[in-house]
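In the two complexes below, subunit A is the common chain; its partner is subunit B in one and subunit C in the other.
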Partner chain A sequence: MAVGDYAFLIPLLPALAFVLTFFLGKKLPNGGAIIPIVAIATSFVISLLITLGLLQNPEQVINQSVTWFAMLNLGILVDPLAAVMLTMVTFVSLLIHIYSTGYMSHDRAQYRYFAETSLFTASMLSLIISDNILQLFISWELVGLCSYLLIGFWYQKPAAASAAKKAFLTTRIGDVMFLAGIVVLFSDLFRLYNGSIPEGVFILKFDEIFSQIPQLAAMSTPVLGFQVNHLTLITLLFFGGAIGKSGQFPLHVWLPDAMEGPTTVSALIHAATMVTAGVYLVARTFPMFMAAPDSLMVVAYLGAFTAIFAATMGLVMNDMKRVLAYSTISQLGYMMLGLGVGAAIGAEAVGISMFHLINHAFFKALLFLCAGSVIHAVGTHDMRQLGGVAKVMPITAATMIIGALALAGIGIPDTSIGFSGFFSKDAIIEAAYLFGENGGGWALYALSIAAALLTSIYIFRLIFMTFFGKPRTAYGGHEAHVSMTIPLSILAILALVFGALTMERFNTFVSETFVNNFVHMDIPGLAELGGYHLASHAGHEPLIILWLPVIVGVAGLLIAYLIYGLKVVNMDKLVSRNNPIYKLLYNRYYQNAILTNFLSVKVVYEGLAFAGRAVDTGFDWVVNWIGDVTMDTGDALRQLQTGVVQNYAMVVITGVSLLVILITVVMEVL
Partner chain B sequence: MLLSLIVLIPLIFAVLTLLTKTREQARAMALVATVSVLLLTIYTYFNFDSTTAATQFEEFYSWVPSLGISYHLGIDGISLPLILLNAIVMPLLILFTWNDDRKAPNRFYSLILITQGAVLGVFCALDFFLFYVFWELTLIPLFFMVSIWGGPKKHYASIKFFIYTHVASLVMLLGIFGLYFAAWETTGTPSLSIPHLLAQFQFIESGITRDLIFLALLFGFIVKLPVFPFHSWLPDAYTEAPTAGSVLFVLLKIGGYGIFKIMLPLLPFTASPNLMITIMGALGAVSILYGAFLALAQKDLKRMVAYSSLSHMGYVTLGAAGLVSLSVSGAMFQQFSHGLIMSIMFMSCGVINKATGTRIINELGGLAQRMPKLAVIMVLTFMASLGLPGLTGFIAEFSVLAGSFVNLQGYVVIALMAIVITAAYHLWALQRAMFGVYKEKLGNVVDINGYQTLAMGVIAILILYFGLNPSPVLDMMLTNSEHIIGLMAGMGV
Partner chain C sequence: MIPVELYIGLSVVIFSIGLYGFMTQRNGVRMLMCVELMLNSANINLVAFSSYHGNLTGQVFVLYVIALAAAEAVVGFAILMSIFRMKDMIDLDKINILRW
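Moving on, here comes the complex of A and B:
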């Protein structure tokens, strides 16, 4: 028995743990936390063994499918792409669960927490392991459900209930686009088969879809005067889903609010079980994007824009978790950018983007859990009330600084010395450079460098404001419990060394995803279909290009140190409501006012819904009017009931005569 | 005999129940009847061959040969899932009302049983005479249900429902007459047999006659369904009805049944099939969006659920008009799924109204803290209703949307737009009514009792079960859909 035969257990064990914890957890110590911990640990071991096996032999893709209904199936697919994701998600989720036993120990509804996080993990694992787009979508929606339940975990708090709803609805807008993409894809494939799908062909399975890419790319429909390529339409609709789930502009608004749940939930959402799903979706369907004209460009530009857009807002937030939330949005933008520049570098894009995704998962989980540790100890999120926390919480401070260095991407180019984020973020920035050099324009590169500078500034602002200087209020506090500091330390080690250890193998390994016995994609051929011009290998970039990301990273650190550490610049003048730029950033570009208050509440809710109600009253009025007229007619006719037999007789005779005439005429005509 | 028993047991027990004196006797009688029907239906289900679209368990006795009337029963993959739905939910509905105090319990349970017998009769009838008799028989108990035990506007609502759908039934009757006399003319013998008349439709010479017959029948079905713009009886009747009455309305399902059983086989032979497809597709798509917007605009939880029901029924006509086996079977599955989901939705409304004395969403709040069992069931059902995968609603909606897009792109786009609105009103209602701070002025609210938990819990589990594994009912729907689509192949539709 090979370990691959047990791959189906990876999502199934946490799903079972959900059921057990939900019904039995109340009676067990710690809300039954041991059940999901054991289940996820087992899933982790299986994932790790499969990944190691695949590393030996990347051809040995695991694929098992069963019929679900009609021409649709359920199944699992573990290729290099899925394997690294599975391993990361199970690992990070496991650490967060262990950490949660300490963090949530005072909550009476602990059992519900562990049941829901377990289901959250199961849904994400099922998403990753799907061998068809429909099952991926189903898991995708379950991930959305779990985030709804967990963000609203403290449902008694109106803010939590509201944030949960906002997260669900905002991502739902993306989900509908994703669903629309599947619907279009389904009907196209259905037509390619002329409506009769042979027995045993599952038309939404990835290998089946990929094998039809040339035919799909050849289909187009005129929409509003434009000739729309079906593959472009489908991939952009998929990307619409990814925008919602992965918090890209303009559907990122739910993510900063999502911190109303427990901080551990934020760590899960931001690192492991939710926001990476969008990036994974684009990576999973990368061959389709590759062959779809314009789609990769949309991915690249929107990613780069989101990276800098979110970073600007991260600069001014005073809430620790909000800074991290904007940081996540920004880093996801980098991952999208990394995929988008596949237009120049081909399948390698999947490798570099996933590399950043994995590294980010480690250091972002670390940053959130450190923030949680601080919040747990001192009882506030607001950095203005902190300062000098490093003295009371040395382990938390040290691990969080490592996380910050990893996020800022500090390292030495051309060596294997550096924090994990350094290797992956630089790879993306270099790919953006290559894209420019290849004739694609320099905007992406410029945005990615600028965002790197801002990233470094906002994260060290957080570090200096929280951990150094003098306490600004009299918060109490102590170092966190060992169940919390151990996960922190493990994650810190990974943030420190994971990038350096794996950078040699990772990219080639993951990039091999689309050239194996399961799908054998001809990426250059697809790029030709998509009209992308792949760069022939570029050789060595100028030294300055290699060093620039590190230089801006260090510059950001220094700027933050000068302003928030040494306080050489007085920020009070800048940080004021009179400064229009600060005001714009602090109010988050007024997105809440525009999108939530105006568009959803005023236009949709008050406008359209009430217009609908007016129309409905109209229909009802017509029905009642018909009723009234009938009644009135009846009343009028009642006057004819005179009771005089002669009158009746006359009416009968007249009626019969008219009928006879009518019938004769009709017969004549026919 | 089996089908006759399934139809007649509720009707016979309805009479017996009427003779009972106490609440205990009445509810026990009703439970015995509905459980018997359930057991017989389960037996039927396990002896049913879902690989063929042919009629099974047929019973035939000549009745009035001079007019071509016969006692003819039989079921296929279109009717069996609906019979199953009805047979499953009915005993649970009796349990749900187990501890309720109300006037005239004997009449109450008797009317429930008459409705069950009439609805099952419609699903089993293979003779238009029987079909129409059972069809009209459903009206009477529902009318009394609303007018005796209904809410403040019960008289208005019950009369509106009765007259509105009765007029539509008369139009449908004209359609049946048209079919009957035209076939009599061509074959020379009178017959009201449904399969016979459906087969004879294509031999009617005049295209206008065929279209008029089709439209008359269609009108009867879509008013009963209902779809926009013939829905205005629905919000009043569903809202004013007592909880059990609302559930009976939800289980009616005869309008949609008529569309699959009678309209689709006729569709390719109408003179202008594309026009008919346009009518059905457009009405379906508009109902989905329109119902969703109206649900969003409601302040009363039960009225919101009623409009939500309208929105969901739009998938039935849209999927039927999609004319791809996936969309047609999805539309059939929507009927099944909708019956389960809406039953819990209306039960929840009833429970909340009884516990708090109000259904106005803004007056509720934080109920989850006092009613945790109800909250779990409601969250699951609301998620099913908004189309969350893993639950029945998604199977139906995905099949309809994906299948219909092959032929009806524009309408599917309209339906897709409704999805976010649908999520919005469900979550909005949950957030306001169940979550947030508990409103102390609601008084001392207690959670659902054991019978209610059992009734709602079993349906909730079925929503989950059929959402994960739809094949037990979807397979036979697919068989029949493929059969219908097969009839159309080569008809240029």
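Moving on, here comes the complex of A and C:
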């Protein structure tokens, strides 16, 4: 029996572990952490074997479906795209679970923690493995639920409870758009089939959707005087969902607040199980985006904007975890940008974007777990109170510096020397260059280079402030427990070498997602459907383009070293409430004031209250009116009931007399 | 043979007397008696038509009406008796607590 037949176990085992841990965990040591660890380890082994099998033979996609009801199905699909995601998620999640046994060892609700993280992993895996968009949406919602539960894990803290609520509600906005996209897609497909769907055709399955792309692209509806292409509409709505989940501007506000949960949860959300879902959704439906160039442009520009927007805020944060949170938003912007420039480079966009996603997962999980290790030992996440931690925690410091180098993307072009982030980020920046060269404008390239510089500055600012110099306060501390340092070391090794080892194979492997026995997409053909042409392929960039990302990375390192290591520039003047730019950044562009205090509280909340009052008054009036009229009518009519028998008899007699007269007249006439 | 018009005339006269009494009297017993008059005027009609058509159905009806009238009188007088015991009068004008 081939290992592919066991693919359905990948999401099922962690789901089972959730049930077991939830009910039995209390009685087991360490909150029953062993159950999810074993389950996820098994899932990891299965995913890895499947991935290796696919590497041998990328044509053999695993696809199993059963009828759910009517024209919908439940099924699993493991193609190269899903396989690499599955492997990465199970692997990172496994390491985070192992790390958590140390990190959460003092918590009383450990069993709840492990049950929820296990469910989180299960939902994400089932999202990845779905072979139809509806099943993907269901898992998508489950992921949202788990993020709510885990961000609010310490629900006794008001900040955590409100952060959980914020995350849930903010991503909900995206989810509604995603659902709307599915509804539009469904009704369009239904119309294409004229309402009679043959037996055995599941219309929301990905291969079915992809095969209908030309017909979908031909449909359009006038909205507010514009002809809106249905494919553009659907993809934009899907991307709306991705904006919410993947923390793109303007729905990124929940991500920094999500730091209220345990650091391991942040690592899980940022690296493996949540924010990557949005990128995955766009990658999964990439052929649809290819045929809708307008959506692709929205993806690219919003991604590039988010990348630089979040990076500027990361520069001034003093909370270690918040710096990393903004870093995640910024890197997700890069991934979206990578997908968006598919307008120039075709299916390879999915390859480079997923490559960055995987590399990012490794080094971001590493950075978060290192931060968690420091927080666990020192008890604060304010970098202003730290300094010189490297002396106390050498392993953590070393691994975190590796993570930082990977994030900054240090390496030597045209060789296989470099940290993992270098290969993927440079690929995206070069793709942005190609996009510009192809006549798409240089804004994307400029933004991505600027964001790379900022990335390097903020992450090394964090490193220098935390690990070097003299301690700024007296904090106690010790190197973390071995259950925490081992995952750190494994992730550090991956951050070090994963990019270099897999660069060649990875892109071609993932790009094959859309050409195999499951779907055969003609990507250049789709581009023509959207009315544009792909660039002739890469490899002839000027030397400076290859080197520029590395140069800005090193420049960022040097700037951070000069300012925070050697302190040659006195920052006190710059870092003050009087400096308007600092103030703007520190207050995060007043997003909280604008989005929460103004938009949510003033516009939505008070607007709803006003509308509610108006409606209430209206309904009150109607209800009272009905009551009054009934009472008045009754008052008038009851006067007829005199209680005098003769009056009643009078009425009866009059009635009978009239009847007789009537009948007589009628008889006469007839 | 007496022509049927005379029976009908008699019946009309009795009915009118009953109706007049019913409309003008305030005493419950008198009103019940007037109701009896009206019922029996109808009986006369039924019997007259029965013999006019040579069909016995009308006479059977009359027996029913008589039984019904008896029952009605029993119930009516019983109610009036209890009212009289409570209020010492049977003036139906003043018995109006169940109206608005």
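To be clear about the criterion, the second predicted complex is superposed on the first by the 631 of 670 C-alpha atoms of A that agree within 3 Å, B and C clash if a C-alpha of one lies under 4 Å from a C-alpha of the other, contacts with A are read in each partner's own complex, and residues count from 1 in each chain.
Basically, contacts are C-beta pairs under 8 Å (C-beta built on N, C-alpha and C of every residue); 3 or more make two chains touch, one makes a residue touch a chain.
Predicted model only: the values in this text are computed from it and were never measured.
A.B. asks: Which of the two partners, first being subunit B and second being subunit C, lies in contact with A:Asp616: first, second, both, or neither?
C.D. replies: The answer is first: A:Asp616 touches subunit B but not subunit C.
A.B. asks: With both complexes overlaid on chain A, does A:Leu145 touch subunit B (first), subunit C (second), both or neither?
C.D. replies: Only subunit B; A:Leu145 stays clear of subunit C.
A.B. asks: Which of the two, subunit B or subunit C, is in touch with more residues of subunit A?
C.D. replies: Of the two chains, more subunit A residues are contacted by B.
A.B. asks: Touch check for A:Phe190: first (subunit B), second (subunit C), both, or neither?
C.D. replies: The first partner, subunit B, only.
A.B. asks: Can A:Lys567 be said to touch subunit B (first), subunit C (second), both, or neither?
C.D. replies: A:Lys567: touches no partner chain.
A.B. asks: Pick one for A:Phe69: touches subunit B only (first), subunit C only (second), both, or neither.
C.D. replies: After superposition on chain A, A:Phe69 lies in contact with subunit B alone.
A.B. asks: Please write out, lowest number first, the residues of subunit A touched by both subunit B and subunit C across the two complexes.
C.D. replies: The answer is that subunit A has no such residue.
A.B. asks: What residues of subunit C sit close enough to touch subunit A in their complex?
C.D. replies: The contact residues of subunit C facing subunit A are 19, 22-24, 31, 92-93, 95-96, 98-100.
A.B. asks: Provide the residue numbers of subunit A that touch subunit B in the complex, in ascending order.
C.D. replies: 68-71, 134, 137-139, 141-142, 145, 148-149, 152, 155-158, 161-162, 164-165, 168-169, 172-173, 175-176, 179-180, 182-184, 186-187, 190-191, 195, 600, 604-605, 608-610, 612-613, 616, 619-620, 623, 627
A.B. asks: Quick one: in the complex, what on subunit A touches subunit C?
C.D. replies: 638-639, 641-646, 649-650, 653
A.B. asks: In the complex of these two chains, what residues of subunit B are touching subunit A?
C.D. replies: Touching subunit A: residues 160, 163-164, 229, 231-233, 290, 293-294, 296-297, 324-326, 329, 366, 368-369, 379, 383, 388-390, 394-395, 398-399, 401-402, 405-406, 409, 412-413, 416-417, 419-421, 423-424, 427-428, 430-431, 434-438, 470-471, 474-475, 478 of subunit B.
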